[in-house]
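We call the chains A, B, C, D, E and F, going by the order they appear; numbering starts again at 1 in every chain.
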Amino acid sequence: MAGVIRASVVQTCTAAYSLENTLSKFEILLCLAKERDGAQLAVFPEAFIGGYPKMSHFGAVVGERSDSGRDEFLRYYQGAIEIPSPTISRIEAACKEHNVFVVMGVIEKDLGTLYCTAIFVDPVAGLVAKHRKLVPTGTERIIWGQGDGSTLPVLEARFDAITNDNPAGREATRAKISAAICWENYMPLLRTYYYSLGTQLYCAPTVDARPQWQSTMTHIALEGRCFVLSACQFAKEADYPPDHAVADKSNRNADNIMISGGSVIVSPLGEILAGPSREPETILTADLDLDQIARGKFDLDVCGHYARTDIFQLHTRTQSNLEGYRDASK
Amino acid sequence: MAGVIRASVVQTCTAAYSLENTLSKFEILLCLAKERDGAQLAVFPEAFIGGYPKMSHFGAVVGERSDSGRDEFLRYYQGAIEIPSPTISRIEAACKEHNVFVVMGVIEKDLGTLYCTAIFVDPVAGLVAKHRKLVPTGTERIIWGQGDGSTLPVLEARFDAITNDNPAGREATRAKISAAICWENYMPLLRTYYYSLGTQLYCAPTVDARPQWQSTMTHIALEGRCFVLSACQFAKEADYPPDHAVADKSNRNADNIMISGGSVIVSPLGEILAGPSREPETILTADLDLDQIARGKFDLDVCGHYARTDIFQLHTRTQSNLEGYRDASK
Amino acid sequence: MAGVIRASVVQTCTAAYSLENTLSKFEILLCLAKERDGAQLAVFPEAFIGGYPKMSHFGAVVGERSDSGRDEFLRYYQGAIEIPSPTISRIEAACKEHNVFVVMGVIEKDLGTLYCTAIFVDPVAGLVAKHRKLVPTGTERIIWGQGDGSTLPVLEARFDAITNDNPAGREATRAKISAAICWENYMPLLRTYYYSLGTQLYCAPTVDARPQWQSTMTHIALEGRCFVLSACQFAKEADYPPDHAVADKSNRNADNIMISGGSVIVSPLGEILAGPSREPETILTADLDLDQIARGKFDLDVCGHYARTDIFQLHTRTQSNLEGYRDASK
Amino acid sequence: MAGVIRASVVQTCTAAYSLENTLSKFEILLCLAKERDGAQLAVFPEAFIGGYPKMSHFGAVVGERSDSGRDEFLRYYQGAIEIPSPTISRIEAACKEHNVFVVMGVIEKDLGTLYCTAIFVDPVAGLVAKHRKLVPTGTERIIWGQGDGSTLPVLEARFDAITNDNPAGREATRAKISAAICWENYMPLLRTYYYSLGTQLYCAPTVDARPQWQSTMTHIALEGRCFVLSACQFAKEADYPPDHAVADKSNRNADNIMISGGSVIVSPLGEILAGPSREPETILTADLDLDQIARGKFDLDVCGHYARTDIFQLHTRTQSNLEGYRDASK
Amino acid sequence: MAGVIRASVVQTCTAAYSLENTLSKFEILLCLAKERDGAQLAVFPEAFIGGYPKMSHFGAVVGERSDSGRDEFLRYYQGAIEIPSPTISRIEAACKEHNVFVVMGVIEKDLGTLYCTAIFVDPVAGLVAKHRKLVPTGTERIIWGQGDGSTLPVLEARFDAITNDNPAGREATRAKISAAICWENYMPLLRTYYYSLGTQLYCAPTVDARPQWQSTMTHIALEGRCFVLSACQFAKEADYPPDHAVADKSNRNADNIMISGGSVIVSPLGEILAGPSREPETILTADLDLDQIARGKFDLDVCGHYARTDIFQLHTRTQSNLEGYRDASK
Amino acid sequence: MAGVIRASVVQTCTAAYSLENTLSKFEILLCLAKERDGAQLAVFPEAFIGGYPKMSHFGAVVGERSDSGRDEFLRYYQGAIEIPSPTISRIEAACKEHNVFVVMGVIEKDLGTLYCTAIFVDPVAGLVAKHRKLVPTGTERIIWGQGDGSTLPVLEARFDAITNDNPAGREATRAKISAAICWENYMPLLRTYYYSLGTQLYCAPTVDARPQWQSTMTHIALEGRCFVLSACQFAKEADYPPDHAVADKSNRNADNIMISGGSVIVSPLGEILAGPSREPETILTADLDLDQIARGKFDLDVCGHYARTDIFQLHTRTQSNLEGYRDASK
């Protein structure tokens, strides 16, 4: 048997741009996911560390940026983290303490540019990979840069056997993990690349809370014959700084919903295993039976027996262009 | 304005493998779609001409084909059509008579091999293109061959202005049409190729009636920012020859549903414009406002501003290899 | 129904190099095949007109040709026929009289070179095509030239309905015919070319009487899913001029067998329908149910669903180079 | 002298889907082939490792896959092996211990897709190549993917001199080996490609036990002027799991024959050197005198003096398309 | 039997530029060839009518033409004939009278340009064809134009049976005739074109009297497997006008040889049948056994079994360009 | 000055099919040609390595090959060489040692087919090209394949200055070399192709010892305005294995002449520079003054000023079709 993994998607949000408070939330939620729900893998939303500045336009219009917008960007920049950094170490420590593999959205700072990044933290090896979002959407393009082909990991993680009173009686097992952030999930060639490397636990940190998001999560599970774990933020006005932009300034209310969640776990045959949830601060957990993948690929394997590699050839450059700047001697 | 096209998806089924009766159904349904509902474009299901032998395995098991299975195949082979052929001419005549552009699933015979094909019939120019399904699914693989890269058309059709009492008051307009049959819709590279050529009216003839099909149709509309027109068969046991395979031989009943429909029309922003229907013999019609495509591509254009062609390069061979056999000197 | 054709393979031989006597034999055998056995198609052996100079080496050794060998060649050359010619007209007349389609091996003369040719004579249209053997075998290479790509016909013939007391009650039908002569049948690319054009009645005029020939005939029927009709010569010493070469000069005997027949008809599923015969002057006849081809292609169609045209591409030049000599301005 | 090689074809079957038991059988049979019969080359049947699920249809009918069919596929998937893998290492060790070159059919697992593969294991170099079947036949198409042009090896193997009491007194020699699996043997272009690379030991692992198979093996030997070594499974019901599909459920009997063998060795001139055998668990052995190949090519060399490359040009793509997915930057 | 033809080559010369005297010589020589020697075919030298102005340069040097040279050209121009013309009629009458087919070199006048032409005169049909020399050699280029592809006849002539006391007892027969003038015989593509049309009686009117000419005549007979009939002029100073150029003005002598003959007849196997002669006014006659052609083509037929039309393709334009001037309405 | 090259044609024969002895002869003769006669270029006869099986018919008659004939072919096959191979290396070493450019006839083995090949070995660069005979003659057709358009080299070689006591006082120079083997010299289109590429040293390895061969050599020199170097074998019965075929078995005598030489060197104006020789084991040497070529082309250049490319167009395919088999993806 290929094994069963218990996985959680954590529906939560950044604590009003406070790094310290957000890390505390992370530690508590991670503890709950594991110690209460038995999770071996936990997925947190896009931009959980650093925050998703929903409704802001950073004072920018076509041809103009305002001084106050620059100030707002500076505050946002200051809340982002470097990789590695003490924040990363603190996250690694928590993963190790609870023996949970974590995939989490963070705002990454690299010199002057911010990236919307997903980090992969192994409980034993610590930070093992990161993925930078390839194409920001809409106004995100004025605050985030584009990732390149060097951060498209599909990595194999080990999940220990769990022998306590957990009814699933899980054995130690291994599975391949990847992450696509928000509308990257609409990029068919990125998905194909992940499928071609055998992704089994397809993580989708997001802030897209539209109802149609559910169709896309179900479609990807079916198309890729993989488990899809989508963690979305759920945030109210109270979860942002008081001066943060809102939909309707005339109707400010701490309880107004800014991002309405929709986290979900879908099986390789398109069955909803958990969610979608519209609750704030929720942990959704499911047992992922990896054998469902082989059962599913029986009739569809888009990079295997269902491919037409004679007609369609996808070539993927995974070279890092950025490193070219920094050391030409290699 | 890019224009508005009134389009129908026709939920119907083959008439118990009778070519004559099926053509009669086609002519009646096409007449209704146009003269009652005002359709300029009509999409018919997969394998409408020729039939979809649901539940049959043609006497084949691993390592063996039975004589009765070969007989069943022969019957099925005899019901298939050649392109061109008198049947095609009759379809062309109906399209011309009613001034409707038709996309329809047929079983095509080419020497000894059958193909699951979609034909494109222009009311003026007649048959203008065909698309052969690239990968048959499951047991289909024992009855249908694989298409190649030479039949992947994305063609521009012209739709006449309609000046009668039709409330839409449509002007003459043009739009690009393509077709992906049944589980081809799960092939991300095929879809990407179609998107890259600008498909606007993405036709999806199918016999997949699972509820999850709806997720995929909605996803494709969103991913490709195109109208998705999915026509599915609706068939009962009575719609097959009396000796045809059924799910449960002990419970034969002419009213048992073999394929339960689910035809649907979705807009480029993921809105359901018509359907999904679970009725037999239904015509679903909607006005397709082509301007919705530009509106949608404002924030997502997966082969344009949302592509990463520096990382992902898709090469598509559209050469026909089969023709090479026949004469290299011409 | 695709129809049933009654076909004969005629096991006979040239009448001691006499054109007149051989044509008389032809007329008698054709009459028998049709009027006694009901044949609509009759296949005659390789080199039936002109003769197969078995056991001769025409006085040639490496580096030398003898005068007597040239004389022998001259005699052989004089017995060959041009296409068209009065001999062809006489053959056409017999085909018309008996309403039989004939495929027959002849030695064709074109200026100074002889070709081992198969002619296709339609009862209505007369000579409709010819095929020149592409590669002579062994010592044949010193007497016959090589055909080129311009004489590789796969043509569709019409067979009239036969309403007399023939038990098969055949309807008018059509079928595709081709011919491969003797060891051309070992040329996989020639066979593939014929299959790709849909040959249904694969004629194999030959003089190869080895037992292994039967394996090849059965294999081709299976590989190509076609009817194989192999007509072999049966000849004794008495069927050659008295001075003709023999295997053992010390044991000349008019009854010694020179070519021992083995004519056979095989179905597309590898069943022997008639023969192999080792009798002199025999007509083998079988009813060919064309539906067996579709039944057979259900699980094997080497130029259709069983091809890998993405990997293997066969290009065939069917241009005549010889005509280029003669006038480029037309 | 070109040398003599002693070769065995092993007629056996998978041990009721047990990998461990099948490997044990392999080790015993390999030991016998070498230590008792003196084999330097041993060919095992198609799907020997992994099994050939004769008579099963994996719960699939046109348009439907059942849950129990998916379960059956999962069991079959779990019995397949990766290349390389510990199973491969164990096979390599046995080849090394007995100094035998092995060609063997295995079911190969590559991510979600299974392939029907032949492995080539050199006693010194270990696994040196593999060939994936290009076109599965009939219902095999629902369980196996298609190989591509990158696994069509014709490789030269070295066979040590054997100086013990073996009567053949073989010297060290070299010969070119290839493999075509089951009905691939009906693909004329694949065979031509192998011939063009000079295959001398044409291995044909199969499960086709029809009498007509013998015609095809003899034909290929003659056409390609090569030794043909066909190893077929011989299996009874007892050789399958108790719940496995059978021809007649009402007549289950452990002794019923599922696959009836027919392994055979044929010389380049079409002589049967060993077999065909209808015995279970048989080893057929013959001395292959490589000089017979030159003797045979004297009058037929279909890719040499008997080709018409001016008319027929075969182009073969041997590129792996699959690797293109994974990293274009290397 | 293909037949035997008695043919003569006539070694003679123009009568000091006198048309009348030259025609008289022609009539006498033709009478002798037939009535004394039995010739059915007679070949006369290059420029027999009109003359070959050996040793003259017509006063031309590079960049200059002299008045006296122009006068000399005028005299030469006046001696040339038109086709048709009374001179042609007179030649036709002689051929008819003696029942001989004649090939003869003439200087043809067409408006302002002279051509070195060979005429073909049938005893029954009269003038049936002409051939204009394609490339004049050396200084000939200042007096003769170039022929085009429209005058390259290979025509079939009929030779009556001859029943008188002629020992050969020839039957009526047919043979193909062509002509190449002087160094045209060095043009391999012209010769190839003639061979491709089956020339049997290859006529070579010339004035080349070098010893090496014999090698070329023998080579062409062998290469083309045809009879070569080369008629050369034999001329002394006395055969030119008194003021004509000579090799050595200080040694004028009526008996000095200007052109030394060398007429010859060669068989298709390279045997010399008559000549070469160095006598003035000689008629060489030989019986040409056409069967020698088939005997010879047994081992060499450069446009048949010995061609490589797949590699070398010769295209020949036989359109008349000159006619394009004259009538654009056709 | 274009330069002078001293060239030898070596009249010799294969040493009774012994590769070792033949190579020794080669090394001795090459040494003599250079160190005694000063040759910079040496031409050896057709089939010198491998042998010319004069008078044998390899047991083949029309329709039959005998076992003893196959054995004889096997012996002949075993004496042939591959290109490259250790034999080639040994030839290269000798050429380098003596600083001689060698053109030599060899029997080449390529998988199952033999070719009659001429190799071009440069003293510095080693093997630089090969030419395979395009059309074997007569009985050669049963032992040799046909070359294709890819081995028709006309290559430029460099000849070092020679400053020793050689009276010619040759400077370093360059010249274009080609080869036509035996009756290829009768192929007008092959010769034209060579002329069109500017061949200057036209090598004609042969075994044709007829007197008429001399006419053809002289004609080619004149037609192509090139030096013709024809090296013919001279062989007695003693030069063949004792069991080899002879003209008259009743009169076996070691001194009987099998091939009687006739090697010759001809200038571009048709002068005999050396030979023809009827001596065994002879080296004929001549100084080739390349300026004679321009002198000769003054009045005849059949691919230049004497061509009629408006009428005759020769197209030559120089593509190798054989390589197409092997990998179209490279």
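Here is the rule we go by: a residue touches a chain if its C-beta (ideal position, glycine included) is under 8 Å from a C-beta of that chain, and two chains touch if they have at least 3 such contacts.
Everything numeric in this text was worked out from a predicted model, so none of it was measured.
Engineer: Applying the touch definition from the top, give me the chains sitting in contact with each of chain A and chain B.
Structural biologist: C, D
Engineer: Go through the assembly and pull out the chains touching chain B as well as chain D.
Structural biologist: In this structure, the chains that contact chain D and also chain B are A, C.
Engineer: Pick the pair with more C-beta contacts: D-F or D-E?
Structural biologist: D-F
Engineer: Would you kindly say which chain has the C-alpha centre located farthest from the C-alpha centre of chain D?
Structural biologist: E
Engineer: Chain E to chain F: how many Å between their CA centres?
Structural biologist: Those two chain centres are 36 Å apart.
Engineer: In angstrom, rounded to a whole number, how far apart do the mean CA points of chain A and chain F lie?
Structural biologist: 75
Engineer: What whole-number Å value describes the gap between the mean CA coordinates of chain A and chain C?
Structural biologist: Measuring from centre to centre gives 72 Å for this pair.
Engineer: Return the distance between the CA-based centres of chain C and chain F, expressed in whole Å.
Structural biologist: 41
Engineer: Could you tell me which residues belong to chain A and also touch two or more other chains?
Structural biologist: Counting only residues that touch two or more other chains, chain A contributes 149, 192-193, 299, 307, 310-311, 313-318.
Engineer: Considering every pair of chains, which are in touch?
Structural biologist: A-B, A-C, A-D, B-C, B-D, C-D, C-E, C-F, D-E, D-F, E-F
Engineer: In the complex, go through chain D and note every residue touching chain C.
Structural biologist: 134-135, 137-138, 146, 148-149, 152, 183, 186-193, 195, 212, 214-216, 218-220, 222-223, 270, 299-300, 302, 306-308, 310-318
Engineer: Residue numbers of chain C touching chain B in their complex, please.
Structural biologist: Chain C residues touching chain B: 1-2, 149, 192-193, 196-198, 225, 291, 293-299, 301, 303-305, 307, 309-310, 313-319.
Engineer: Considering only the defined contacts, which chain B positions touch chain C in the complex?
Structural biologist: Listed in rising order, the residues are 58, 60, 65, 69-71, 73-74, 77-78, 110-114, 142-146, 148, 317, 321-322, 324-329.
Engineer: If we count contacts the way the header does, which residues on chain D are in touch with chain E in the complex?
Structural biologist: Contacts found on chain D: 310-311.
Engineer: Quick check on the complex: what are the chain D residues that touch chain B?
Structural biologist: 52-58, 60-65, 138-143, 207, 245, 247, 259, 313, 328
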